[in-house]
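Letters A, B, C and D name the chains as they come in the text, with residue numbers starting at 1 for each one.
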Amino acid sequence: MTTSTKAAPPGAEEVGRELYTKMTLAAACDERLRQGIARGEFAVTIWPSRGQEAIAAGLGAALRKDDRLVTTYRGLHDMICKGVPLKELIGEVLGRTAGASRGKGGTMHITCPEVGVMLTTGIVGAGVPVAVGLALAARQEGSDRVAAVCFGDGATNTGSFHEGMNLASTWQLPVIFVCQNNLFAEMTPIAETMHIDKVADRALAHAMPGYRIDGNDPEAVYQAVSEASERGRSGGGPTLLECVTFRFKGHYMGDPQRYMPPEQLSAAEAADPIPRYRHRLIGAGVLTADEAVELEQWSSRLVQEAIDEVLASPGPDPSELEVDFFADMKGIPA
Amino acid sequence: MTVTADTSTMTMAGAINEALDEALSADPRVFLLGEDLADPAGGVSGVTSGLSTKHGRERVLDTPISEAAIAGAAIGAALEGRIPVAEIMIMDFITIALDQIVNIAAKARFMSSGRTGCPITVRTASFGGLGSGATHSQSLEAWFMHVPGIKVIVPSTPADAKGLLTACIFDPDPCLFLETVALYGARGEVPSGTHVVELGKADIKRPGRDVTIVCYGRAVIDALQAADQLAGEGIEAEVVDLRTLVPLDVETIMESIGRTRRAVMAHYAVEYAGAGAEIAAQISSKMFGRLDAPVRRVGARFRPIPSARELEAAVFPSTERIAAAARETARYFI
Amino acid sequence: MTTSTKAAPPGAEEVGRELYTKMTLAAACDERLRQGIARGEFAVTIWPSRGQEAIAAGLGAALRKDDRLVTTYRGLHDMICKGVPLKELIGEVLGRTAGASRGKGGTMHITCPEVGVMLTTGIVGAGVPVAVGLALAARQEGSDRVAAVCFGDGATNTGSFHEGMNLASTWQLPVIFVCQNNLFAEMTPIAETMHIDKVADRALAHAMPGYRIDGNDPEAVYQAVSEASERGRSGGGPTLLECVTFRFKGHYMGDPQRYMPPEQLSAAEAADPIPRYRHRLIGAGVLTADEAVELEQWSSRLVQEAIDEVLASPGPDPSELEVDFFADMKGIPA
Amino acid sequence: MTVTADTSTMTMAGAINEALDEALSADPRVFLLGEDLADPAGGVSGVTSGLSTKHGRERVLDTPISEAAIAGAAIGAALEGRIPVAEIMIMDFITIALDQIVNIAAKARFMSSGRTGCPITVRTASFGGLGSGATHSQSLEAWFMHVPGIKVIVPSTPADAKGLLTACIFDPDPCLFLETVALYGARGEVPSGTHVVELGKADIKRPGRDVTIVCYGRAVIDALQAADQLAGEGIEAEVVDLRTLVPLDVETIMESIGRTRRAVMAHYAVEYAGAGAEIAAQISSKMFGRLDAPVRRVGARFRPIPSARELEAAVFPSTERIAAAARETARYFI
């Protein structure tokens, strides 16, 4: 096993700032993209992560840079918190050459190996077995890095999820299965698609440790991911983390959420993890109210700068189709 | 065989909704299952809107994200003589249900020597053209043509959608019914009341004497526009809408080409090893010595579908590409 | 709900006789087929169920005739105990017209709806979601019949298994999931393919009752299936039963079992459920030793009679290919 | 490009084993995963026999029955630059792994615009011809031809099997390597040491001037026998073994047919919408006006594969059917 490339864990204050910074950055990006779509500035769609930032922040802060991440169409927050440059991310969402894949992938298919984001999937559950392979490669290479994979509550009803969980457990690989349980899969509430109370219990089918945690508390997530990483790095195998949260903006940008009980939405909004954590940090003296405002402004500025850069980059040229398909194009149909 | 002459104007989505509604009313054995089908969602594209409210949630079943189980549950019920209409939301996801559809449904009657039939209809939709990228844009109907035991249907107009879907639902064998999201909003006259279009009958959507454009689904719309353009150039193109790929109306295809002696094959699926390969091969050998030009094919280029709109457009067929192929074919001289 | 068509449960003695009769019949068939293959009399293969008869007997005796069963390539014992006529079963194994599907299906694909055997699958795990559909049909028809599905330990590693389990649980359908845990999947022992101790625990992932029982004790199986059926019939939903057993003859007829620890095999053989149950019945005065011998001879005779009938029936004629494929062959490729 | 002139006689199974062995020796990144691969089983057909003993169980991994996870784990490792060779035991089961192979592996390089490649090899085998019935006998290579992003390879001789498999393993893109169980025992001369057959090069297995039989896999054996028969009738058939379907050696095909002016297309997969449809369509249009006969196709009949031997034989191609088609083609006069 190679040893950790990460410095000693930062103190509680530093962690708090890092978590809050990540949360605001993820929220600012989500908000700005939604604003742009609503205004007709961008003719694209996104699957907003607003509300789920605490999970991404806790995960991104607890993982090392060389740890791997697989996420989904709703994972822009995960990617931002793992360190994907905003320009690459927004560039891909907007389909410009500044994008991570120069517009060929799109929002649902962002890859940024430099920070460990090896795959994003639009197909629910599909990323789970792939994360097992990432962890297998780590073991083969003698690295102690771990592979985290994010997915929703609905994804735990797929066969891929269970096949991946079982394989990771059988081979005792360092995978962290991060279920971002936002209580809905598209328009369908969780109770209509599973009979169990806790997604975390699905770990029992694979003799894997499974924990349900408050996905709106970034420190709880940070703590749980840190423990799971430690377990993984030291050969203790995989962990399932069910992080309970909520998505405030529906399934996709513009979702009228007709299926959403108004009380449920307003109760969730009242528990918005961002003001909640801000309040806690200010109360603990980690942050002043002014600093919090500054951080938020800084986030919005970073996002806007990235958007400006992206929009200044050209749209992709059809010649893109002739490269990065097969390494050798001989005999490949035109 | 339309049993009523009344029509009304509606979208293709509306026509599909009407076919489902009428089938649910006509036969208590009919039921629907799939993700997010029930109200208030009424399907991700609203196609099943109102049906659960009218027919009850026991007839319009929301499912977990479990494509294999959706297909399997439909198959099990069908083996008992029920009439399930299963929805696989986007055709790219049908990969997950393929073992069930290919290895059980398509083979049930044959393997049991007629002791069980499997009258399922699998509705699915191609989402190509919306910039959703490579995993949400495929048209995989050629796979199903290659599997003996399942019928393959692709409507291009609201009226055909209603009539063909009704035929599929009440067909004693499994049917794959492929919808095209880009056509959901297209309007047309649709017969009111029971309307059945016999499976295996192609439809000459526009007569012409100079070249036959054999096509189905979205390509029919382009072919008709191409034919309009070409008419201005003095080329009269006949547009044959296959409507069903299994069974295939070989007579109508060959009769048309027997007159025009020139053929173009067009579809939105990838050209290489697509449905058009089979049909072009049949045309070329059945009409050997009677063609005045080689059969040209127009399909998607051999690339994963890119997300950025400019790139996506460069991969898919278009009115222009179909017109160009038809023009070259009509003007071809040996 | 329609009421049960089955008479009041037989007394313990009658049940004991029924169980033992079923076990001997299943074993006799398995043995005679293996003998015929070994001798070169039959040029086919089978996946012997010898050793697993107690499960089939308990299941077959506890289920009603109208209850449904889905089983596998290793399920000849299940089918015999559910009442599939020996002639149909052996006829299909040997590929003659006397077979359940006139030789078109083969050993892995036997269907006999008259006694509730709706499907046999050669693809591991594939039958699980189909059983959910059978149970759904029962509910739709207002019948209180249940659907049982048999599969191996290895099958519980498939995505299909979990998708089916979850759907049955979500919809609270009357399915009995019968895992015949023979501790091996082909040549691979169970510990190499799952990390859990008890397959029964996989029910926990779906909030379903799950029990591990002695699969070599037909009465334990009878009891467990009776309870699970009762639960299912009365709306209490599905049950997972893990019946621990062993297959004495390896994966397929002729398997050299190089992977098998000799002590494990001999210990299992020492616990052979047939002599064990015979001994118990004789001890309890349910059966005399002479009667036991007679039963065994009667079983062998029935099997031989069926084989004679099968061999007297013609091999299938190629004209079989023209029937029972699509109900309507118009437009279907030749 | 054979780098040594030494050869030895071995079976196709042996040649595949040797290719795997040498690849494992040559590059520490190579590893195998699949069901029952490790010793003492060494694969259900013994193809991987001895490899785990020689290279260790960390390089030859036994997996659970989880085809989606097998493919996913291979993909994840490949994204990290490892070189996985995954086995899907029987091609009919590849349905279960299809989402992973089609939606992730085939699209990885394109969707990431070259930031990740996916150098997996998926070995699978067609079990047709063994009487195993409809779900264990399919040849589905046409499906993969239709998916841009994966190479498709089907060897017909031991030497080609070794050379092509070696090329696949070290190819930077995903490869589907389809083996034919009915050919595992066929013997031939195989170059010793590193032996690579370039992907995309067809091989003229027998020269002839009267008609070209384009074929691959098992059909090559029949075509060669057919050519022998036809030679006795004064017809000299040229047998072009495609070896790879993607990339396709269009030059060699057309060059041959340019000489013979007559072509037959043969394969064991279902004829309708099979690989031969694409190739026949290309031949017909590229050689338009230069063919002396229509292109005839020989493939499996459009039926599920029946189990009984008489029926199975009536569905698959044969030397006789190929000879008849070549004879008719050679003797065709307009």
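Everything below uses one rule, namely that a contact is a pair of C-beta atoms (placed from the backbone, for glycine too) under 8 Å apart; a residue touches a chain by one contact, two chains touch by 3 or more.
Note that the structure is predicted; figures quoted are calculated from it, not measured.
Student: From the centre of chain D, which other chain's Cα mean sits the farthest off?
Tutor: Centre of mass proxy via C-alpha means gives A as farthest from chain D.
Student: Of the pairs B-C and A-B, which shows more C-beta pairs in contact?
Tutor: Counting C-beta pairs in contact, B-C comes out ahead.
Student: Chain B to chain C: how many Å between their CA centres?
Tutor: The separation of the two C-alpha centroids amounts to 40 Å.
Student: Any idea how many Å lie between the Cα centroids of chain A and chain C?
Tutor: So the centroids are 45 Å from each other.
Student: Averaging only over C-alpha atoms, locate the centres of chain B and chain D and give their separation in whole Å.
Tutor: A distance of 31 Å separates the two centres.
Student: Measuring from the mean C-alpha position of chain A to the mean C-alpha position of chain B, what distance in angstrom results?
Tutor: 36
Student: Spell out, as numbers or ranges, the residues of chain C touching 2 or more other chains.
Tutor: 104-106, 109, 121, 123, 157-160, 163, 166, 170, 192-194, 320, 325, 332-333
Student: Please set out, as single numbers or ranges, the residues of chain B touching at least two other chains.
Tutor: 63-64, 66, 68, 92-93, 96, 99, 103, 107, 110-111, 133-135, 148-149, 246, 272, 301-304, 306
Student: Which residues of chain B touch chain C in the complex?
Tutor: 29, 31, 58, 61, 63-64, 66, 68-69, 71-82, 84, 99-100, 103-104, 107-117, 148-149, 151, 171-173, 199-200, 244, 246-250
Student: Okay, in this complex, where on chain C does chain D touch?
Tutor: The touching residues are 43-44, 92, 95-96, 99, 103-109, 121-125, 154-155, 157-160, 185-188, 192-194, 258-259, 315-318, 320-321, 325, 332-334.
Student: Can you check the complex and tell me which residues of chain A touch chain C?
Tutor: These residues of chain A touch chain C: 157-163, 166, 169-170, 172, 192-197, 201-202, 204-208, 237.
Student: Contact residues on chain C for chain B in the complex?
Tutor: These residues of chain C touch chain B: 100-102, 104-106, 109, 111-113, 118-119, 121, 123, 126, 128-138, 140-141, 147, 159-160, 163-164, 166-167, 170-171, 320, 323-328, 330-333.
Student: Could you pull out which chain B residues touch chain A in their complex?
Tutor: 35-36, 40-41, 44, 62-68, 92-93, 96, 131-136, 271-272, 301-304, 306-311, 314-315
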